[in-house]
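Input: structures, listed below.
What follows is a pair of complexes built around chain A, which joins chain B in one and chain C in the other.
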Partner chain A sequence: MKESLLEILCCPLDKHDLELEDAEYDDDGDEIVSGTLVCTECGERYPIEDGIPNLLPPDMREGTPA
Partner chain B sequence: MKGQEWYQADDVAEEYDDKRFSQGGQLIDRREKRAVLEAIEPLEDRRVLEIACGTGRFTTMIADRGADVVGLDISAAMLQQGREKARAAGVSDRLEFLRGDAGRLPFPDDHFDTVIAMRFFHLADDPEAFLSEMRRVSSDQIVFDTFNRYSARSVYNWALPMGSRLYSKSEVSVLLAKTDLTLVDVEDDFIVPYGLYRSIPNVLASSIRSVDRVIGRSTVGDHLASVSYWDTRVR
Partner chain C sequence: MSVREEFDAWATDGRDKGMEERHWHTAKHALARVPVEPGETILDLGCGSGYAGRALRETKDAGRVYGLDGAPEMTRNAASYTDDPNVGYVVGDFDSLPFADDSIDHIWSMESFYYAADPEHTLEEVARVLRPGGTFYCAVNYYEENVHSHEWQEFIAVEMTRWDREQYREAFRDAGLYVAEQDNIPDREITIPAEAEFPTDDWDTRAEMVERYRELGTLLTVGVAP
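Up next is the complex of A and B:
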């Protein structure tokens, strides 16, 4: 994902802003390939995996029954 | 969500495009793309969100026509294919993908101009909740399709791996009223259901399709059509 996406993303649970932590960029420096998005309100953490942010709420992530 | 597990398997994602869009599937693909473009163009500088974007066949096309696009899906495997498609098409700078739940979208109110959801509502267990969440993030337009209850689709529906929900016209009208959406246009098509198109050879697909089109133009066709494309506006 590009950093500009952060401007529109919000927490799926309470719609508050997200903060980027531990960001790793690709070689060109314009894509975030990994990191964590943290809700500034509830503290819920959303991982960026292989360049794709995972904004699935906790109850829908891997390992939780569909 | 019925399709949740089936659509997320890696092997399903890898074979998905081949399976869906070979042979008769190409006819469906072209028709769906036309339905989407007719509803949402002009696209220059529009903000567009696609729900359940899968491997990105619509998002890539929409970004290519000048919109800023976000594609949301539940499946990481499908989205990786989407990223590759976007890169190949040279539209990565205006197309972003993310995983998310269509019922709890990670976007602020009214952010997008247009929100689309193709081949989504047949998998929705609570269509009203999904539609009102789409409406929340749209300031102008929502476009989606439904498979129709009174059509040939109902005959083979039970055999599909992902399950499928069929809608009558009046059910959709009620949904639109409940979610405060105004109907701008609805188009019906495909008397012969998608499943048949995908399983027959190209030559045959084209000739069946031309018969399908002729019947589809008559009033009878409207009631038999297996798919409807809905173009709606936020009130």
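Up next is the complex of A and C:
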């Protein structure tokens, strides 16, 4: 995912902003391939897997490797 | 079975491409109507293989296109079909959209809206994320008037919402969206065999197949955010 996506993404639960943690970028440095999006309000953590953020509410994420 | 499990399985065995081929006959006519200005941001709800969003990027110069799907495997496939830096995918749920208020110019949804667990709430979420004047193009082949679609529920383990035309308009209004348009888009491309070839594996009579595709086709409901 591109960092520009972060401008409009929010926590699916309380709609507050997300903060990017532990980001790893591709070789060109413009694509985030892995990391964690953390809600600045409730602290819920959402994984970025293969460059795709998984923003399913935590109770629907079962079976998905975090 | 959850939406995620059902459609992860579809994506893994390649059925995402089949969906794209079946939908394209009518989806392209609906996509052509979306009033996209160059540079605008599009959200494709239930994007599957992601074909619709990519078409809006290519034909209407949409600025950024995001596809959301509940099935991680679907988004993985979709991402593999493009290297366009202005196209991105997100795993998410229709009832808890992970987008900020007023952040999207237009939302597109083809053959996915009825999988929402709480469709009334999904429409409220749509109204929330659309900027004022933004549109929601909601296209479905599974709806009450299309009696030929009713049996689909038997083949899928996810509960589907089967509204009629009026219920769609009413639900859009209840969520705070203005209904700008509602239309049936016929499929004029699918091959309908000659009378003598019926019954076929899927159809008892030619008249039924004509009604399903040439007359009922895809139901499109268009909402505008206030």
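FYI, the second predicted complex is superposed on the first by the 62 of 66 C-alpha atoms of A that agree within 3 Å, B and C clash if a C-alpha of one lies under 4 Å from a C-alpha of the other, contacts with A are read in each partner's own complex, and residues count from 1 in each chain.
In this section, contacts are C-beta pairs under 8 Å (C-beta built on N, C-alpha and C of every residue); 3 or more make two chains touch, one makes a residue touch a chain.
Computed from a predicted structure; not experimentally measured.
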Overlay on chain A: chain C relative to chain B, clash or fit: clash
Which superposed partner A:54 touches (first chain B, second chain C, both, neither): both
A:32 touches, of chain B and chain C: first, second, both or neither? neither
Chain B versus chain C as contact partner of A:1, first or second or both or neither: both
Residues of chain A at both interfaces, chain B in one complex, chain C in the other: 1-2, 5, 8-13, 15, 49-57, 60
Residues on chain A engaged by chain C in the complex (per definition of touch): 1-2, 4-5, 7-13, 15, 30, 46, 49-57, 60, 63-64
Chain C to chain A touching residues, read off their complex: 2, 4-5, 41, 64, 66, 70, 72, 75-76, 79, 85, 88-93, 96-101, 103-104
Footprint of chain A on chain B - complex, ascending: 1, 4-5, 70, 74, 76, 79-80, 83, 93, 96-101, 104-108, 111
Chain B-touching residues of chain A, taken from the complex the two chains share: 1-2, 5, 8-13, 15, 49-57, 60, 66
